[in-house]
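The same chain A turns up in both complexes below, where it pairs with chain B and then with chain C.
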Partner chain A sequence: MRALIPLLVFAPAIGALLQAVNPRPLFARTAALIMSVASSIAAILLFINIGAHLGDETPHFVVSWIHSYSVHFALGVDGLNLLPTLVIAIIFPFLIVSEWDRQFGRRGIHALLLVSQTAILGALCSLDLFLLLFFFSMIPLPLYLMASIWGDEGREVSAFRMISVSLVASASVFFGVLLIYHAIDPHTFLIEELRGKLAGKTTEIFGLSVGLPQIAFSLITFGLALRAPIWPFHGWFRKLVLKVPTTIGLAALLGGFPVILTVFTRIGFELFPETMTNHLDVWVTAGIANLVFGCLSLLQEKDMRGVMVSLSTVLAGFSLIGIGTGHPTGLVGSQFILFSSMLSFAIFGFASEILRYRARTYEIASYRGVLRALPDLGSATLLGMASAFGVPGTAGFIAFALLLMGMFNYHPGIVVTALFTMIVVSAFLIQIFRQVFLGDKTDDRYAKLGAREKLLLYPLVALILAVGFFPSPFVDIVRVTIVKILSVGSAGA
Partner chain B sequence: MKDVALFLPEIYLALTAIGLVLGEVGYQGERTRVILATAMLSVIGALLQLLLNYALGAGRYGSLNFVNDGFALFLKALLLCSAGIGLLADRKSQEVSIENRTEHAALILGVTALGMLLCSAVNWIWILVLLFSVQILGSLIFALKKIDFRAIEAAFKGSLSSIYAVFFLSIGVLLFYSITGEFDIYRIHSALVAQSPVPRIYAVGFSLIVVGLGFFGTYFPSQLWAKDAYEGASLPATAFASCLFRLTSFGVLIRVIVIQFAKETEIPGYWEPISTMDWTPVIATIAATTLLMSALYVFRQKKTRKLFSGILIFQSGFYLLGLLALDQVGFASILFGLGTEIFMVGGLFGALTFFEDRRDELNPKGQLSRSVPEGIALLLFMICVIGMPPLPGFIAKFALVSSAARHHWNGLVAIALLSLVLVGTAVFRWVYPWVYELRYKNENFPVSWSHRALILGLLVPLLMISVFAESMLNWVGSSVAFSIW
Partner chain C sequence: MSESLSGLDWLSSSSVLLSVWMLALLLALTGAVILCFVPKSAEKIRRGLFFALVIPAILVPLAYAIRGFHLLDRPTVHWVFQKTAIDGLRLGIFFDPVSFVLSVGFAFTLGAIVFRNRTPVRLTSSLVISWVGLCLVASSKTLWVAAIGLGIQTAARQLPILAGTESETTTDDGLWMATTKRAWISLFFILAGGAGIASQGIHLDFSQLNSFGEATSSLSFLVSAALFGAGFICLLAPAFSAHALHAESQSTFEEDQFIFESASSWSAVIVLYRMLPAIAETSWGLALSISATVLLLFSVLTGVFLESKRRSIHLWLASIPLMLTTILPFLHAQQAFLWLTGSALAFSGLFLTLDHERKTLEKVIATFFFLGIFGFFGWSTSSGVTEFFSRIESLPLLCGSVFFVWLLFAAVGFRLVLRGGESSARSHLVPSWIALGVMALLGFGPLLSGRWSGGGLPEKVDFLDGAEEWPWILGVSTENSGGSWLGFGLGHGILILAILVGTFVAAKAGLFPFAEKYPKGKKAAQRMFGFAWFPEISATAIVRTGSLLAVFSDLVWEKYIPKTVRALFHGLKRAGDKAESWVDGLTSENYGKLFSAPSKLVQWLHGGNVRLYAWFTLVWVLIFSVYLTR
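This part shows the complex of A and B:
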């Protein structure tokens, strides 16, 4: 099983290289799809294996890379990162398929999507801080190029903002990681070896003595918050997504808060358990701020891509509150929110792209009566939306149920806030659905869905329903790891 | 006999350079000329002879004025690689006239031979003479460009700064001579340890030497000439000369700092300043100022050549971070960075040459779409320069910054990272017009397979260094360990 982990991460990178080998369209795009799917299959096999051996040691792939600096090529999959890994590995082939017929630069966009897939999965699975920094710094590069090349008018500022913020984020994480590395003797980047060794350490900056857990954790958190993006650092993300096709927007979204919050949970609870638990209120407050801001911004959205951005702020807020509860159920709910929201975003994003292909716009006001022409698209979108606000029978319901239970343990007042937010979000999403899909058909722009378009939607809808009706295998895997991390963390603290 | 053997690589290169000049003098319009092949054979031959020098073991030679050790051998190998890349890149540039190629090749070989000697010199008289020769001849390469006033100005500025460099160095060296009566850096060290000089004289002498070497190490406060010179010279000349100057200057600086101004601590592989004056804050200040000034300069630039010349200066600030650590790991990180830079700068300027030579001024946007492989290579080299993954620029920058962090120069680390962000931002702003409109089908540039092979060929070692970073670091580390400090 160990061998599946490098396959999971590097199969897409090989696919990207293959784009340069043979320019024939059939070869290039088939190679891209096969390599992306190979990564998905590896993720599914890992999921099955971990589920079958629940409680056993999870698979790790550790090879010494730069021995002089004690850098290891350490990749691993456990309950904490398995769900985001699985869903990202599954969604990326769909992104490849959605760009199957792009007229210009198809090989380029496929190669860059594959590099994104490698970087995102690498960051998710890294168990070595150097390797994490390596992949974390790599994520924005393909996004920058994709946004610069295939973005809409005005993309220059968006792409530039994105890369500037990413550079600051990488530098901040870099500094934090360096401080951690040099605080421990013998130096190491391996999270497993660093666990429980950072408490009480101090370091000096400009002659001032500061606590290592405070400064390193703050630097890493700041860098991650910039890249996630979490309110109030999310301006760049909105600008980016509104200027690019939804395929690229989805890649940006997948490499954003789902990855970052997973990494944050791991680093926070494994390396800085004391600092993390002492600041639970901060994460909950930040989560609530994201909920409020996301809701307010959602209410004034006029663009399908904007809806995705605002919704991502809301869902990141929910996930942050889950982390802030510091309770196993809340943390499992937080991970489930990431999982279900990615599926919802994928469906919503593909639906937006299908509509744009027909109507030549992302503006909500320009659609009407689509359901009559495209009932299957309408149904799929409705299901994706339903999962986003936690309707029973969908993956989102399980996520919100777990999250609310965790929140109740933290403070019942938070549950009220969360429920109120869910009502506002659901009302607004239904309003969008009504405006876009219901009403009389006004024109004949909406041609029937092709086979490729159906392929983009149906499997994801099936997955949302499958997880909604059979959540147990997913919940169990996450819960085992979360309980383990929290117990090790509290022992270390 | 052993001494002659140890000088063989330099002799071989020098003889080839002389042969090329004689061939040029006797040239009577023959169609077949084998300038490049002859020069490349000489570089390969010199590389093989370096292996012989390695087999002869560490020791001093040439009346104890030179030293044969791992550090010198590694730098010499890098210089030869740089010469090889310079010779090939020169062939591909339209900025260098066909008539000047022989002079170009002869100068590259000659200056490389002198640079190699400089890397192993341990006597100040030899260091000064060789440094001056390397810098003057290296600056002459700047002038070998198709008629362009800026190239002449570049050569002039280079030559003038070599005079300043030697002036500052000479005064610094003479100050120490007045205290110790020695020019040999090992003996100066012994004398300084024995008699504890007046701190003020020591400080002035140290500062003058550091400032003098800074002219061609291109760090603050002596770097100002470089950005104009690098901007005015042809791209292959800039790539070669910047690597040559930095390799030789940092080679001398590390050796002088370690041997003359530091002593080994009880822990093997670690040094500390010898006298009561701790000069590490001086180096830290120079590093911080170089990084910030060059980063701000780069950040303001919109013109390609100015941006690139700023980036070349920016790199020096990072190498000073490695020096600050005063241990083998720090020096190894400098050598790793220099080794990476040879290929990185060579590839970057090689790719840029391709586009600059074919640039259509009427349609400057979306150039990369007109030759995608070269364009991707250019982007990758650029990413490597600013220390982003996956190429080894990331590892090199990490190793250098880590050296400073290891000794708790955390403020300096913060400045280095801030500078990196500024330079990265400037680079991505520069990249945008190149990729703009890449999605539209522009008319392709005619393919030059040899140029493509050169550019992509330089990507291969970089990728190898990234994957086998450990082997490279081991090699560098053992080179530093196999040195006579």
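This part shows the complex of A and C:
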């Protein structure tokens, strides 16, 4: 089972290499798809195995990497990162398929998507802070290239902005990680070995003695918030996504808040449990700020990609509130929000791309009456929207039920705020649906969906429904790990 | 209930029947979904399609009846989290007389409608999906199963729009929008409230609920219960989406009625009925009753300004579950059961007959069911109405308010019965008669038993005797508080007054003269509830706020931060220039001031080849000296 973890992370990277070795288009994209799917299969097998042995030790893959500095190549999958890992590994092959027929630079975009997949999965599965930093810093590079090459007019500025912010974020995280590394004797980057050892440690900066948990955690949190992005650091992300095709936007989104918030939860509750629990109010407040801002900015979106961005701010806010509850149910809800929202984003993103392919625009106002030509696309999009906001029978319902239960344990006032956000956002989404899909048929641009396009939508729709009706295997895995992390964390604290 | 079954007991035939029920519902659902994608394959059996899809599911209630209406039950199972977890969400189903009456009653009604109207395949599929959702709610033992049922109904709303895609134009989007928003928003409230209650360790297992009056009065619980109730009220009140009814529609009335409004409204009432042990005789029940009464008044006010007969009927029929809720929390188990099931059956009868061009026979049938809804003597709803109005001495304000609002509602209803709808479809087809017969049989069941029992004559406490012959009533028989003649008189007084008002007030006018007479009133009625769903003013305000925030954000990110960074770099550059110019003085111009003396020495040393060779020689001499002296 351990061997599946490197396969999960590196199969896509091998696919990218194969493209370089044999650049013939058919081979290249087939290899890309096979290697991406191999990663998905590994994720699914890990999920099945962990689910079958709930409560047992989760698989880890640890080898020494840079021996003299005690850097390990440590990857692992447990209930905390399994859901995002699973859904990202599943969605990436769809991204490859979505870009199957790109007019130019097809091979390049497939290779870069594969590198992205490796970087994102690597960051999610890293159990060594140095390795985490390695993958974390790697995520923006393929995105930068993709945005610079395949973006719209003004893409260079957006890509540059993204890479600059990412560099600052990486530097901040790196500084925090180095402080941790030097504070512990013997030095180590392994999360498992650092657990419970950081409380009460101090470090000297410019001759001043400061608490390590405060300074290191602040630096790491700042870096992660920049990269997620969490409001008010989200500007670069919006500019990026509005300049690139939704496939690339989706890759950026998958490498954004789902990964970052998972990493944040792990680092926060495993390494700095006391600091984390002492500042729950901060995370909840940040979550509410994201909800409110995301909700308001959503209402003025005129572009399908913009809707994705604002919606991601709202859902990141929900997830952050779940983390801020500090309650097992809220944390499971937070993880489940990441899971279900990624599925919804994938459907919404693919639908946007399908529409753009026909109408040559992402502008919401330029669509009308699409349902009359593409009823299956409309149904899938509506289901994705419904899941994003917790309509029963979809994966989102479970996520929101758990999240709201966690919120009640924190404070019912948060629930009321969250509820009104949900209402406003869902009303707006239905409004968008009406604008795009309903109304009279206005033109003949909307050709019927092809087999490849159906392939992008149907499996994801099926997954949303399947998880909505049979959530237990997913939820139980997460809960076991969350409870364990919280109990170990509180014991350590 | 669930504790009585353990080990392999669930494999008893009752439980197997329940499993078959679930499978049959799943089969109907799957069949309906498949037909949505390949509607042409069922074109030839359009008329009988509904029955074809639901027959396996209908066989189970029939088997349940044949077996003597004994409760079918299975233990609850954990759905999310372990069963032992305090905040675990549980799934559970059972099948009782309520499940029986609602599943059978609506199946016959919808089957007859599909047969009569030859509805398109996708619409029939949608009706089947909605019906499956309703059945799931009706046989739910926990809130979470009911929530899934409501989710299925919400999904069914999509299909009429898909069916509409067969034409180039549509006029139904507004209705879809309004009702879907209402459904989603209601579900959010229910979800938030339900999650909150579950987080308090109350599992919302209908068979094990305790009174909310005894539950904790913590802030979390209060907020949860308030949200929970608000969700159901929102789901119950079609007036919230009434502004959409002012738009013209081309779609068939019956499908709209059931798919968009009734199925979810009835589902909401069923859940409230299941929760009676928690809310009866508590302040929660009172709040629910008051809210329902106020919203019913608004429904009436909205309805009388509608100009389309069809739309008025739509709103009026869809408001019946709301009317039920006005008194439901104050009824005992027996009366509540008869009130719910009797109303559902009368509703079904009206659903089949109301929207038709008026013929005497149809008027008589519609009047028959109309009287049934308001608890006319003999129909099973009567005992509930009598019991409620018997409380006038203890609850004078509530009873008075309900009396007044019911009077208006019934008067509007009777006018609709008299004037009728616009459908010219033949209503006297065999399936319609069968469906109407089933309604009448079930609705008058207690009467036909040879006792007045459910018929509601006051001071007749021989209810249980009558029920022996009708075991489906026995299933909920716990007590009978009876009622007074005053309650009986008030309940029936409403009907007499309503019939008089409905018949004679503005007798020569159209359906309702108000819209024409008071255009401002019509506008106000249109906007009365539209506000809740973001009409132009609020939407514009919100969008502007969003734009302002975006502008602000852009200013920060596009202007101020780059400006600050630029200023910082400019400052650094200037500092660098200064430093460089200062250092230049030292280092430049013939090696600068600082290095002028050494540089002169170096220049001197490099002054000519002779000196250079001399230096080389000296260096080598030194090297050899060191070597030789080792």
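The rule is simple: the second predicted complex is superposed on the first by the 493 of 493 C-alpha atoms of A that agree within 3 Å, B and C clash if a C-alpha of one lies under 4 Å from a C-alpha of the other, contacts with A are read in each partner's own complex, and residues count from 1 in each chain.
One rule holds for everything that comes next: contacts are C-beta pairs under 8 Å (C-beta built on N, C-alpha and C of every residue); 3 or more make two chains touch, one makes a residue touch a chain.
All values derive from a computational prediction rather than experimental measurement.
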item: Contact breadth on chain A, by residue count: chain C or chain B; value: C
item: Which superposed partner A:L179 touches (first chain B, second chain C, both, neither); value: first
item: First, second, both or neither for A:T329, with chain B first and chain C second; value: second
item: Chain B versus chain C as contact partner of A:F222, first or second or both or neither; value: neither
item: Residues of chain A contacting chain B in one complex and chain C in the other; value: none
item: Residues of chain A that touch chain B when the two form their complex; value: 20, 64-69, 104-105, 108, 130, 134-135, 137-138, 141, 144-145, 148-150, 156, 159-160, 163-164, 167-168, 170-172, 174-175, 178-179, 181-182, 203-207
item: Chain A residues within the chain C interface of the complex; value: 232, 235-236, 293, 296-300, 329, 371-373, 375-376, 378-379, 382-383, 386, 389-394, 397-398, 400-406, 408-409, 412-413, 415-416, 418-419, 422-424, 426-427, 430-431, 434, 438-441, 468-469, 471-472, 475-476, 479
item: Chain B residues touching chain A - in the complex, by the definition given at the top; value: 329, 332, 372-373, 376, 379, 383, 388-390, 394-395, 398-399, 401-402, 405-406, 408, 410-411, 413-414, 417-418, 420-421, 424-425, 428-429, 431-432, 435-436, 438-441, 469-470, 473-474, 477
item: Touching residues (chain side chain C, partner chain A) in the complex; value: 37, 78-82, 87, 89, 144, 147-148, 150-152, 154-155, 158, 161-162, 165, 168-170, 173, 176-177, 180-181, 184-185, 187-189, 191-192, 194-196, 198-200, 219-220, 222-224, 227, 533-534, 539, 542-543, 545-547, 549-550, 553-554, 556-558
